[in-house]
Amino acid sequence: MDGMNEPLRDIAHLGHVELLTPKPAESLWYFTELLGMEKVHEEGRSAYLRGWGDYAASTLKLTEAEHAGVGHIAWRAISPQALDRRAEAIEATGLGIGWSNGDFGHGRCYRFHDPDGHLMEVYYDEERYVAPEELRSALRNQPMKYPGRGVGVRRTDHLAVLCRDVPKNREFVQSCLGAMLREQIRLEDGTLEAGSWMSTTAVHHEIAYVVDAKGLHGRLHHLALWVDNREDVLRAADIFMENGVFIEAGPSKHNNSQAFYLYSYEPGGNRVEVYNSGFMVFAPDFEPVIWDEETRAGGVYWGQKLPDSFRTYATPVDDGGEATADRPMPVIDPR
Amino acid sequence: MDGMNEPLRDIAHLGHVELLTPKPAESLWYFTELLGMEKVHEEGRSAYLRGWGDYAASTLKLTEAEHAGVGHIAWRAISPQALDRRAEAIEATGLGIGWSNGDFGHGRCYRFHDPDGHLMEVYYDEERYVAPEELRSALRNQPMKYPGRGVGVRRTDHLAVLCRDVPKNREFVQSCLGAMLREQIRLEDGTLEAGSWMSTTAVHHEIAYVVDAKGLHGRLHHLALWVDNREDVLRAADIFMENGVFIEAGPSKHNNSQAFYLYSYEPGGNRVEVYNSGFMVFAPDFEPVIWDEETRAGGVYWGQKLPDSFRTYATPVDDGGEATADRPMPVIDPR
Amino acid sequence: MDGMNEPLRDIAHLGHVELLTPKPAESLWYFTELLGMEKVHEEGRSAYLRGWGDYAASTLKLTEAEHAGVGHIAWRAISPQALDRRAEAIEATGLGIGWSNGDFGHGRCYRFHDPDGHLMEVYYDEERYVAPEELRSALRNQPMKYPGRGVGVRRTDHLAVLCRDVPKNREFVQSCLGAMLREQIRLEDGTLEAGSWMSTTAVHHEIAYVVDAKGLHGRLHHLALWVDNREDVLRAADIFMENGVFIEAGPSKHNNSQAFYLYSYEPGGNRVEVYNSGFMVFAPDFEPVIWDEETRAGGVYWGQKLPDSFRTYATPVDDGGEATADRPMPVIDPR
Amino acid sequence: MDGMNEPLRDIAHLGHVELLTPKPAESLWYFTELLGMEKVHEEGRSAYLRGWGDYAASTLKLTEAEHAGVGHIAWRAISPQALDRRAEAIEATGLGIGWSNGDFGHGRCYRFHDPDGHLMEVYYDEERYVAPEELRSALRNQPMKYPGRGVGVRRTDHLAVLCRDVPKNREFVQSCLGAMLREQIRLEDGTLEAGSWMSTTAVHHEIAYVVDAKGLHGRLHHLALWVDNREDVLRAADIFMENGVFIEAGPSKHNNSQAFYLYSYEPGGNRVEVYNSGFMVFAPDFEPVIWDEETRAGGVYWGQKLPDSFRTYATPVDDGGEATADRPMPVIDPR
């Protein structure tokens, strides 16, 4: 084993995510009043939100757009040098876009597309959240008061995106971001890689690539927000029902990741998961877990199947219209 | 065994409780914003509150007063006839006050004092809560939307009061209200009855009488509000800390009742318990559980002792002033 | 309102249930090793079990039989007089069988059938459980040590049986046992009573009658065992999966009763529910909650439907063979 | 910022811990029957245990010895090269002992002392656990069946050791192992570093150094085992009480780490923590949290103080005998 085989550790973690919504006021209500996130900033057509446990000033950007979907996905580098190294490596793949001056809460970043067309960026400088007096926690090590409002999600955990070619995208985030492979669905005797779950940290996964059943590009499957226990996931289900939010699946337990999940659609149409548990990966020689048609049994550990929509619904929603297998759904960059 | 030995079943349950507070605005904030109760009515110096699971229009009346304490304690009869029977029986003890025309949410009631001087009433007609459109639950069998605000207490569970003579008060609620004895603390070789826990339902206890260490009369030890699980009790502790509410003890587990508790002081000074679990009693021949100096071990199952204040602090607070062992603290009847 | 309208309170609670199993060893393993119940006695083809929180010596009798199903359902009276009153009232309906000398753990009982043919009994004398030294709890008010083995169910909660005529059976347990109606499913503009949930205590329901979709008699839908919190229900699901026990539905939340459920089939074939939460009923004038085709939405609050088997599977299992709509499945009385 | 400032990432995680016990049979009972760990091997005077979620064959070695305490603390390197680099760096400090041929479950290791005298080792080759048929999980990504026995601890989380000079030991694990500082107690205007919490992963801390109030060397404060939720911590408290295990503190919530804890003494005398929650650290520029006399308030978030023994009790227990401030308690190396 030589030095080249030692793991690449230039990315610290998934930094923040931008969601697009055609119903900004309703989406904002969902994230602040129902999920209990805090709005820290507004600018243009965007609101900047955070969970009470996030150390960064903002981890979720909510931007008004014609269609729901993911705006961009941002990765934080471990150092300025690591940022430069990642920019260089990405540029070499031909997928780079270039440097940007940053946005609320973080400094300059290098922007690029993944092979499927999702907009991504990598950055290092991050504004640490400093709570105003009325939101200061009684705990010195907690960035913000526990809100006691709605679900009370602690932090952004991960997201899953759809793509046309899973191996291509997986290899890209492995080689360019140092993401480590955790689990895979391999169908048809292992020849069809239908989904791959990856992470740059000990957290089970920060990003998943799953094949787009409609053959489209650049779509979002879901964004997952972390709560500290399963009771909070159950409580979230009640809060969603009481407020007319559609629950697509759960609360239940995934076999992949062992996590406890609840999938809802926020008013703008994006699928949002309230998430707890799941195992962490500490082994430097972890062997990815492979699931096939038989072993995955619909993705749900306790026997209930996920509904069909879980396989087909994504944002932007396929309206059966102009998009074709070779032409991606319109993904709007709000900047 | 003759008919007299069959249990008296004229009281359906503890109906509602009135708390007095010298800081009405702050107390209202505590009960509505932190505990998540709903204010359904205001009248004079009183606010009328309810938990989301209470079937009655209101179960907690909060009244401005010079001193904190319990205003009155109300028991619902199982029928109009039962109400008349109870009024007659109480009147015969000489502790009756007389009929009153009722209050917001309930009809005429018969008022009386327990031997220690706590004001009580028994009534039958109760206004069932009908939620306004915006508070209607998605569940037909739930009186009100789960609020998703603060702790989210479901309903009033029980209260504990202090008194100078526990056996006298216990016998009164046993014979006049049909309360069933569940647990007792008997000290000094069983000769000193220091506390008795009683209920008119399958719930472990609805009222406890505990000896007043200061020899005063008419004081409140605590009011307990129910949550559906222990996670909500733990969550309550965080919410209290984040909002500057004093936690006196817990979260932890009682040996008596087996319940999971958290004691705080609401801003007006009354001790309030957030409460879950505890065992129910279904046996018609249940044998009360007796604890002595040795077996009770400070009242806490997992080994931690309750603080001294738990034994001495009650409302109205003893200011060392005008009240004496033979002269009760001023108990204000707000009506 | 006259005295006749005051509630009948002769039954204290559902006492115990006998399940029949064609696989006695495997069923015993399920109840003791997976659910954590304690075997306290064996006699003939029966094993006698209890939950750690049950006050009675035994609450579940497990009897070897050719077919799975419910053997008998026992109700405890509140007094010897109440027992006599119930026997007399039942005898007057023509459904009485007669007095029996009792069984392990309880004294003489009056046996009868409900209109659908389920065998029932009412009794008063009950042996209180006294734990042997090694099973004595550290808590004086807990009948037995918490076992820390498997799920750790606390006590029997309720059962649901199928029948051909719900109103007839409902009226029988209302008038003869004093069961109070809590919820109903009424279909076809309210003309078809498809299910009724009833209780003799503050617990939401102790017995439910649901129409048998196959038109058979005397079948069991499920027996429910109580755990103290929802985490234990989730833990039960893992324990079932790890031990090859079939999970039919859940963990999830019912709309009816608001309870949290998990349905499995024990090795003998009977459906067993691990159960927590649900609301209690204290109101003496509680108005039963009625659900129709639209409002019940499949019986599951969070949106997932129950599987078809939930409507059709019951024990004894319909093998499509000799039983007909007019001829009940064989129900074996093991005594 | 130059390359030297980039974090050292040669250690993957805390690998395993060896505890010494004068009561090996009783300690084994505690870890297997009460905590639910699995014994996978026995050799000489040692038993090798694991939690159901540990990927390694064994994470806890339990060795018979005259005194309780920690035998050794093992760190897994991320690669063979990383192992060599660490051995070299440690050797340069003069604290190295030398290479050892490994032990059950792992390959060769480099052994050394920390400045306070605790025995440590670093290794790379680790045997991945392969469950025998009867212990195989229904989940492909779970190394072993969830046992459903006792508490069911998932994995080893961290340990805390006492030492005479916190800064010296902290600097050693920072520079030689790349441990990252998370929290500190600094008393006397910041001049006295009384405790430091550190980790090589995103987990809050894997090792803590706290000043030994008795001025001794090489002692263990506690070993912490992870459970997936706070309900399991509460359940552990009941299991301990029912089995005569001493609970020193908790269940409650730490301010440092925000974790939920329960401290017991296993029969051999070592303090063992059942642990859940706590925050993870992803920020590459995380600023350690400093607590002083005023802000730490006894180390407990919800207001209850830790008992005095928490500050003074450690293993080996100070018998007031031959050990002096300058002469360490006897620490036995069982190899």
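Order of writing sets the chain letters: A, B, C and D. Residues in each chain are counted from 1.
What we mean here is this: a contact is a pair of C-beta atoms (placed from the backbone, for glycine too) under 8 Å apart; a residue touches a chain by one contact, two chains touch by 3 or more.
This structure is a prediction, so every number in the text was calculated from the model and none was measured.
Listing every chain that touches subunit B and subunit D alike gives A, C.
Note on interfaces A-C and A-D: more C-beta pairs are in contact across A-D. Centroids of subunit C and subunit D (each the mean of its C-alpha atoms) stand 47 Å apart.
With each centre defined as the average position of its C-alpha atoms, the distance from subunit A to subunit C rounds to 45 Å.
Separation between the centroids of subunit A and subunit D, computed from CA atoms only, is 33 Å. The set of subunit B residues touching two or more other chains comprises 138-139, 229-231, 238, 241, 301. By the touch criterion given at the top, residues 34, 137-139, 145-146, 148-151, 229, 231-232, 235, 238-239, 241-244 of subunit A touch subunit B in their complex.
Subunit D contributes residues 1-3, 5-7, 9, 12-13, 53, 55-56, 76-82, 126, 128, 138-142, 183, 201-203, 228-231, 255-258, 277, 279-280, 282-287, 289-291, 295, 301 to its touches with subunit A in the complex. Against subunit C, in their complex, subunit A makes its touches with residues 230-231, 234, 237-238, 241, 246-253, 260, 301-304.
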